[in-house]
């Protein structure tokens, strides 16, 4: 069920708190905000611990941002838990610097939602993605 | 260029050494072996530091294994550096236990290679993936 | 809801009849059978009317077979209508001959199903695919 | 090699002629134009011969437009033949009316190009897609 407008700010605040408490967010040092259109915006400071063997950011760290950007953008639209069904990542450039990942809702249905995602390093487009998410009836975890 | 059979064992040994020295492999505690058909097999012991907010393995950690399984299976076929073009991840089950990821070559051309990947937790299929990789003329990094 | 075993043969017969009556099946001359594991197997005789400008089978005709192979394999598992959410096609070879497309269930859940698909021209693997399908509560159309 | 600006108009005219002569374009009645940014824009009048069993446009016909929109947008950037490596289609709505498909270049490299695609029925977004294309050294076919 789409979230009523008056409950949106508290809902997004709750999602940010949820994310910042998640183990993977702490391990990678990732930060989440929502923009004025309720899109998730992740900032990933460069962390050399997630480099591949050539000393640049590993595609898996980029995929983690793509998944997060889609999931948290979708989660902002529903009051119940959502789950990632599938996502695709297209790697366009190499980076070893701060990354910013953004999600965008393409379709938010009753049971399924579709997003596209983009990752930039400054002005450079580093990756794009897209994904499908399913809306469950499970409540969000208590904070 | 496909690798000559007599150079394959040394090549795979070099790739394993390369992987185990990569920062992300150390941060996540991932191990790589090659099976008898030269397919990359990754073992990822459960590491709660890569859980999402509900206390299960984050899709990004699964995507990292999918990317690795494809990349290192492709890299085993060529003597030069390969690069991930795109990959897709389909999440089929939740897990908080050791994961094993395997890659399989579908097509290994002169300039492009395609793989499928699978991740199991014991007998359970947790995720499948597929991806495209491009073969560059750059040498592998020195060890 | 998964289909009871005793109703499966009539269900698959109905799906074959449904497909062979569909306008696109008639326009393209495609035939559907089910194998012993209830997987959809499509045979597409070479039809030069679906060639691209270089005189080989267009990727869209291949994608149509990929979609069909997934959809009808999933439809064989449920008594209600299913809908394609997304699918991906990886083109591996060129062809201008009869194609055979097969679907395989990777996961058949209550609300969502995942398949992989393969297309061969004789022994040659021409394309692989994968897709997500959603299970609706709508009945199949009357024949 | 990216096409010089002065040769672009003739190149796009040639691609339009190539497409309109292709068997699949004739069979489906599809039309191609290029917009001011050299993006391929396909118009597909509703053709009930490509409906599925429920009497709406088959996902394969939509996938054909997605493939075309990406391929011809990429082909507009290079003087040699390009080939589709893979593409993904996300179906968002049902339609039985004229469809308009557009491609957009995300990345146009020396050997590989990435696009996104969109299909509308009037104002409704019916499908999105994305794909990878490889740039070959083969010349375009003579007209």
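First chain written, first letter: the chains are A, B, C and D, and each begins at residue 1.
Here, contacts are C-beta pairs under 8 Å (C-beta built on N, C-alpha and C of every residue); 3 or more make two chains touch, one makes a residue touch a chain.
Keep in mind that what you see is a predicted model, and the values were worked out from it rather than measured.
Comparing the CA-atom centres of all chains against that of chain D, the greatest distance is found for B.
The copies chain A and chain B differ by a rotation of 180 degrees on their C-alpha atoms, rounded to the nearest 5.
Counting C-beta pairs in contact across A-C and across B-C shows that the higher total falls to B-C.
Taking each chain's centre as the mean of its C-alpha atoms, chain A lies 23 Å from chain B. Between chain B and chain C the centroid-to-centroid distance comes to 30 Å (mean Cα coordinates, whole Å).
Averaging C-alpha coordinates per chain places the centre of chain A 33 Å away from that of chain C. In chain B, 85-86, 88, 90, 114, 132 are the positions where the chain touches two or more neighbouring chains simultaneously.
Taken together, the touching pairs cover every possible pairing of the chains. Residue ranges of chain A in contact with chain D, taken from their complex: 88, 90, 92, 106-107, 114, 116, 125, 128, 130, 132. By the touch criterion given at the top, residues 85-86, 88, 111-112, 114, 132, 134 of chain D touch chain B in their complex.
Taken in their complex, chain C has these residues touching chain D: 18-19, 21-24, 26-27, 48-55, 58-61, 63-68, 71, 81, 83-91, 141.
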